[in-house]
Amino acid sequence: MTAALSVRGLTKVYGRAGGPFRRHGPALTAVDAVDLDIEAGRTLGLVGESGAGKSTLGRLILRLIEPDAGSISLLGTDIAALSRRELRRMRAAATMIFQDPYISLDPRMLIKDSVAEPLLVSGGHTRARRREKVSDTLRRVGLRETHMERFPHEMSGGQLQRVAIARALITDPSFIVCDEPVAALDVSTRAQVINLLNDLREERGISYLFISHDLRLVRLIADEVAVMRRGSLVEKGEAARVFDHPEHEYTRELLAAIPGRSPRSRRFGGTPRSPGLDPISGVG
Amino acid sequence: MTSLAVLLILVLVAIFAGLIAPQDPNRVTLRVRLTGPSAEHWLGTDELGRDVLSRLVVATRVDLLASLEAVGIAAAIGVPLGLAAGYFGGVSDLLLGRVIDALMTLPPLILAVVVVAILGPGLRNAMLAIAVLIVPGLYRVVRAATQSAGSELYVESARAAGCSNWRILWRHILPAVAPPLLVQASFAASVVVVAEASLSFLGLGARAPQATWGSMLQDASSNITTSGYLVYPPTVMVAVTILALSLLGDGLRDALGRRPRDRA
Amino acid sequence: MLARDLTVQVETEHGWVTVVDGVDLTVRRNEIVGLVGESGSGKTITALSLLRLLPPNARVRRGSVEVMGRDITAMRERELGDVRGVRVAMIFQEPRRCLNPAFTVGDQVAESVRRHRGWSRRRSMRRTVELFELVEIPEAVRRVRQYPHEFSGGMCQRVMLAMALACDPMMLIADEPTTALDVTVQRQVLELIRRLQVERGFGVLLITHDLGVVAEMCDRVAVMYAGQVVEEADADTLFHHPGNPYTSALLRSMLEPVRGEPLGFIPGRVPPPHLFPSTCRFEDRCAYAVESVCGRPIPLRQISPAHLIRCARADGLDLPGVPG
């Protein structure tokens, strides 16, 4: 299997004295010597609490932020070595879905323009072809033609996140960083978005880096899991293994903290169909 | 919106000045010097017997054009600099900021006088001087708006989609900067109108026989003891224009200030 | 605490719109009642109206709220002050925004002690340290002198709890108290609330969208949808034998799902309040809807002593709940 992503020693330090005009302050190591691999077509769930450096890591991987140390090989390309122009071309193949679709789409742009933008800037498509792809992609994520002529504020959160997915999808990427893609959505719409992401993965063999603080979601979508704490990975491995037999104390703590799993709540007793759950027996 | 209506009238007067002006604004008729308002000369005549109404109408055109010119020049300098400083930040932002700060510490009218002294008098040079004066205001507004728009998630999303900096600035940031820029520009325009009047009054702006509100004021001031009423027409025009521009700025700020974002 | 037929309207561009419609709610001492719903279901407005804390653009149209047998809807502001904080305390989703950044946290809690008890400054501060210890803030003596920005989100929520406990309330209303917190911190705060509730015997109304939290905390649960209570039951019944299709669908979309199976979800979205239909409000999104019986207003019916369901087909349905 080929690697979609291979990261070695990736480090990002904030607040280090850099240049004559910067203020000097205590340095904060947001991402600390992280090694990470994702095979093509697989999904890695990156979990951790707020401030652990998950989002920073996701952005570093796409070089939306410049790393301080380490190497990133994305889809077989050393992206640290790319020029700005080459990096922009790379964005068609590796892109990102953000947390809050209310603010990740330009409020002054029509939906169709937002979705078409990545295709437009990657070049090589006629106007008619772009239009066709936009409507195909919107249909694929479950939106209708009529949504094309709307502005973001005229749509619901779930619909907007579909638009954001369509926007990420339109250039047929092989790798997508999903940064808390459903955290801003209502619970009943969350499921639709997760199901869509899952379907797309199977359909197109996309690899995801799925960032979330919600272990319940990660369980659902990830093949492998990496647990992050204060900038470092404390544990990584096959999802089933990490959830069933966590090795690191912190992973155990995180798993135990999922609401609805503590001994008191026997209402969620061992669901026999879900092998990933640690069995808490008894009926409420 | 009253202010918009007033400005619209002013613009129409400026455009059709040639048709509206009842007489040639520069025709000297010495036998009717300093007459009061009459059926022939609605607002009377000045010390050279020129029709005041006609001069006022033509001055409207000159003043509005001059304001447009000054604001245009200032925007052409301030907007790109503000965008660059706000978007890229870094050392260039720091240096630019210092230069702008330095510019703002200078007394505005003195600065204008100096610029005119270097370039020589004349309306065009006066406008250039005034443009330099209003650059800092525009620059700061654009820089601040760019900074806040630049930190929006949709800008990062555009970058992740492969947009070039140029496209991000043009397509995503400039539209977000436009509302506060328009507000600031309308305030700047009112500053220009006052500044033009001041400079022309001091003889540093429009040169005879060109009619502007400032030069008309200057003409009127020399006969203020005998024909004091000549001061009023240009003064009223300046006041009304400034009021309208300020109100327009306020209105724009209210109308464009907050976009409804339906989160329900 | 007892709410009867509580109906709240909010002024919008569509005029006065009913967002909470005839909600009955009872919270006794010694129990934790969960109020569950998605955003837009009216759960927060319900909570605010229980203490008459509604914003100026909202009004209680109908119904009453009784606290310890006294009707607060008829009370004057002065008497209300006696109820708020003393009888009923409330904590919110974002604790940091409820604290004044310019004063130390200790001062703010002591202020609340002083106001309600009339104690001296020194005595109030001693009590504050005790309260901090009670809510498990380590090094209480030192931390009372710190400012809100020196506290993490979880610690801020503990401070809010200390403030709520300052006057020994009979009841605590907690509006999404842990939604903004990390899971491990959420766990600690929930356990703290639970422990305090057991020790002090007050009643808790826990408002949340997270059924996992409800499962862990609550004795009884009321589920709200589109401004109405659609089901109310003790927690075990609700989770294992939901009687309303909405409850059942929520359970399937929220709880720990099984990998490889699509996550259950509810198509469509909660209608905006001005478009609440007069028929069953869930009909459009309901997999079990039958027009002949659902196309009319549906009352909340009691199907067993402690189980209320608002569904026209409640008798004929066997809905999936949490297996167990």
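Which chain is which? They are A, B and C, in the order written, and residues in each are numbered from 1.
Rule of thumb we're sticking to: a contact is a pair of C-beta atoms (placed from the backbone, for glycine too) under 8 Å apart; a residue touches a chain by one contact, two chains touch by 3 or more.
Chains and their UniProt names: A = ABC transporter domain-containing protein; B = ABC transporter permease.
As the structure is a computational prediction, the values presented were derived from the model and not from experiment.
Across the assembly, the chain pair joined by the most C-beta contact pairs is A-C.
Relative to subunit A, the most remote chain by averaged C-alpha coordinates is B.
Per-chain Cα centroids separate subunit A from subunit C by 32 Å. Distance between subunit B (ABC transporter permease) and subunit C, defined via averaged C-alpha coordinates, is recorded as 57 Å. Between subunit A and subunit B (ABC transporter permease) the centroid-to-centroid distance comes to 50 Å (mean Cα coordinates, whole Å).
Along subunit B (ABC transporter permease), no residue makes contact with two or more other chains.
Multi-chain contact residues of subunit C (touching two or more other chains) are listed as 40.
Subunit B (ABC transporter permease) meets subunit A in the complex at residues 91, 94, 152-154, 156-164, 167, 171-172, 175-176, 259-263. Every residue of subunit A that touches subunit C in the complex is listed here, in rising order: 49-50, 156, 158, 186-192, 194-195, 198, 213, 215-216, 219-220, 239, 253-254, 256-262, 264-269, 271-274, 276-277, 283-284. Per the touch definition, subunit C reaches subunit A in the complex via residues 38-40, 182-187, 190, 209-213, 215-216, 235-236, 239-240, 249-250, 253-259, 262-267, 269-270, 322-324. Subunit A contributes residues 19, 21, 59, 62, 64, 88-92, 95-96, 98-100, 102-109, 117-118, 121-122, 153-154, 157, 164, 167-168, 171 to its touches with subunit B (ABC transporter permease) in the complex.
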